[in-house]
């Protein structure tokens, strides 16, 4: 197989590197994987409008986000258990992100301690942002402790995933008989006490009356904000009214996401939701998006649709599987280069004030 | 072949279990099977709109139907000759439905006596409804007698199929040379006297002038209502005006159905017809729908489009073929579980008062 | 291969019966054969709206056309050189049409004398109409003589093909190296003197300055009408203005046709053109349509879109190849039966006054 | 493989003639090659509206362009390194164009001297136009010298490519490991001094701060116009505002082009851009179009959408690969013949004053 020269090449290559279970876990989506496919296709729908003979000298990909200037608008999305993809796991991904000036969001379910990852990255201003992803667990004390660890380790924002109160119908994983391999676990959750199971009365639902009995609500957001000095970014917003509610709570930002098509297969593609939410927010909150971004042209489209930055997930995991930190760095590099080319061919020298008619 | 973990898996598995003729009968549709395919695809068109951080504790799938509370809105549609799928036939399906709190609609062309089936199911309130499907036959006395047997046996409603005055162009069956295997027949029609054939004059049509010469009309509905104390549900309504007419006659409910794509291949998919009819009825009649429902997300969409409950047909027959009552129960269980997950991911705790913007 | 039970089955079967050259000639279309495919797909777009519980007794498929009552609205379109498909050629097709009460349109390029065909068919009122198709040739005397022969032989209308002033880009035929096999020719054109070739000056076009130098125009229509007592039907009308012009000339009828996708591959499908033309004519002229009709549901749709009758071409040629007159009769029978079923399932007892909302 | 009888046949044939690297270079597009595919499909979307019984005698394909009458509206687009396709390279293409009365646009990156090519073509009025394509290079002196050579050699217009300030993501080429074979080079650029590389500071972009630091802008257009007596045609215009700006500068004409899908894969298909630009210009500038034209019907559609003439690129290169000058001539001949047939079948005798409703 020839050397990968696109994100899709990395995916095809990783198919041969990962074992079947890990492949099912990382590559799969919910149910019939329509959302997974729709996420990608939705970016193809709008065309970019090339412009010619415009001054391009001194162009750059810099964007502002949460008070910092980023070299480019690409972040690595939180993905669990990266040591399943490569022995170096999240460490490799974070180092590659840091080398390539990309942001990195560590998953709560990382297979390495959050402190280990934080220590390994560059600490100069050139590095992209380092964020920590959370699920609110059933134990308030544990949640506070985890937030404090993240703060202490130098994470700059908390990314709370709000779109997965329960697992989706992960048919591909179930077909593959997925389970975590020995030696890999969510080490940062090791001290979490087990969830007390409720006894169900007849006619009660294991989902609604046990698992979701204490699922977080908007009220918990305010509490979490009170517990941390870090900006809180909500990941998994798809409805304008939820965005509005988040803005009312003055969160630090939003990520338009359908969890990479891993939860509700009937969810709309993020490229379709993004402009509706951008319209609602009118710039009042930083807005990010993930889901199906595979090309520099997709990044430019996302920004034209109102995003400040984008996250990619599976592609860098495939790069990680293929070649560790080098593979991750290559994936970021490809995307950056393609973004610059797309800008040049659209006559766009910077990512601020993109023309209104950049998309057709 | 791995264990089925979705309704489609049950279908794929059953392909290897059923002989070619039974497969053609159960899986096939009319003509080019466009309607069969369109039924399924139409459910994919609307997206569900996820909502986040909403209270979900105590959620449930209960719905009200014909004066009863059902544990969930899933019924098993009438399917003929189930002993072709499995020796236990309709008995297995009815028992599984009863165990899983699903409604069961026995076909007039069942391969077991309606009394045998009725006696085998649970009789407590937890069981889903038990209904009997009818075709109006050419002999009024026989019709009355069959209705009386259904009443006596404890069936709670009559489901009159109105969309099949004649067979569709069942090309797949004809290609497979389908005929009923020895020992399997419509035992509940055993006492029906043969239809007297009319002599045709030249230029007359065997269809219009013989077979359809006495096909039931709206007038027969009132007569049938007079002959029974059971609510009468019309199955096979696709046009709002027919729904309006049924409402005028104060029938017990309607099933939006195109006979699973087995009659008119050019018929519209039920997911497209449902909202038009719901709009017309404005809740004046209980409304059910079948055709192509394969996922819990489809069930939730059907309810968002105005249905009170849904029926599935082929999927449970495939479960039956694969593992008898256990297979049928598994199919219902999968659909219930997926429905709960879909509700949770949409921030919907109950099926009453679904938000207007649940579908995009 | 199992016995054909649909028109498509006849096509698949004929593929194995016809030699490659004949197959290319009969089955092929122009250029990339997009029009050929679009003709068929366009009939699938509108759905038929089933209605229930309507009186169907005494229903029939009769239609009025050019002052006669036809048993059903299906005619066999003109197709050249039918002895390439079967030794009995046009004779078999005409006899089968006559037996099945279908109309028959003999091609000018028939491989049998028009008189032979006319003598072989039933002469009672039950027979469908017998029409003769014409191309206006370069020799006015020959044209008159051919018309007189058609009149004398009992043809009831002339069908003038107006959509093929030149051949289309028949790539499939050229790839197959098609040429007429020995012993097969356009016998009814045998006495036509050869077209005098014009000498071209430099820069002149062999097409425009030679072949099309005397191509017929609207003026020739009036002349042809003056030369015959038969109604003149124009075949190949796709533009409403051309239909209007034809109505002004009081022709006997129009056939909406794109020559079965054999001339201009970029032409629109006939199912799309038909309603526009029906709208323009408002019933002022009998309107027929051909192109891609393969199912009884297509026939019903065509009538709902404004046609008085339909023509099928390739399907009966495939029936002819498969089993001579019996094959042709089978094709017609299948289509009639499917039409009756479609009517019954739509609650339509007759083809006059089809409901406005029969199509969705 | 049978003899090619369509442009697609030439492509299929050339696949077997060209080595993998040359194939990747000539046939490939940018990134996922969506634009390459969309260019072709977009021509299929509008249908041509056939008209019947119109006078066609004396019809012709002549068009006026830049003060000359062309025998037909087909030009050969600039394509680099044609000696990779055939030893005779650009010489064969230019001679074939000249023989078939087609225009020829020599690429700046031709593999033969521009003077050699110019001397080989016919010099009478019957020949199509001979144009020279330019990229503005980093050396103003070199640019002037190249323009003077083109003028001296008899080129009649300059075609400045403005849509490729940098290469696109040419994944196919990179996968194939494309590089120029020994002995083939851009001979007309031989005297161009190497571009001085700029030293980049940290955080600077190799693309924006080095390669594109001196990319041409609208200001350079006026300068180039001042340096030549030849009309200047801008190739690669897709936005109406860029067309308007070009009109303000009174350039000689525009070519609506996305560089054959070789630069920005997210660019819109040219068939979609053409009518918007034609609408903007209202005939104030000669307008040409390329991208995906493979059939005479496509040429007629392009003219109906507002183009004065069209260019084809890959198809003639495939003809060149297949049979040198004869192959190129065959490609042009096929397209001319198909154009004449399409005109005849649409009832269109000339290309001026095409009817408004020629497209549906």
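Note that the chains take the letters A, B, C and D in the order they are written out, and that residue 1 is the start of every chain.
Everything below uses one rule, namely that contacts are C-beta pairs under 8 Å (C-beta built on N, C-alpha and C of every residue); 3 or more make two chains touch, one makes a residue touch a chain.
Predicted model, so just to flag it, every value in this text is computed and none were measured.
Greatest centre-to-centre distance from chain C is found for A, with centres as Cα means.
Interface of chain C with chain D: the two copies contact each other largely through different residue positions, with under half of all numbers used appearing on both sides. Between the CA-based centres of chain A and chain B the separation comes to 43 Å, rounded to the whole angstrom. Averaged C-alpha coordinates put the centre of chain B at 60 Å from the centre of chain D. The residues of chain A lying in touch with chain D in their complex are 2, 5-6, 8, 44, 47-61, 71, 126, 295-297, 300-301, 337-338, 340-342, 344-346, 349, 357, 360.
Across the complex, chain B is touched by residues 31-32, 34, 162-169, 171, 174-175, 202-205, 207-209, 212-218, 220-221, 234, 236-239, 241-242, 245, 258, 263-268, 272 of chain A.
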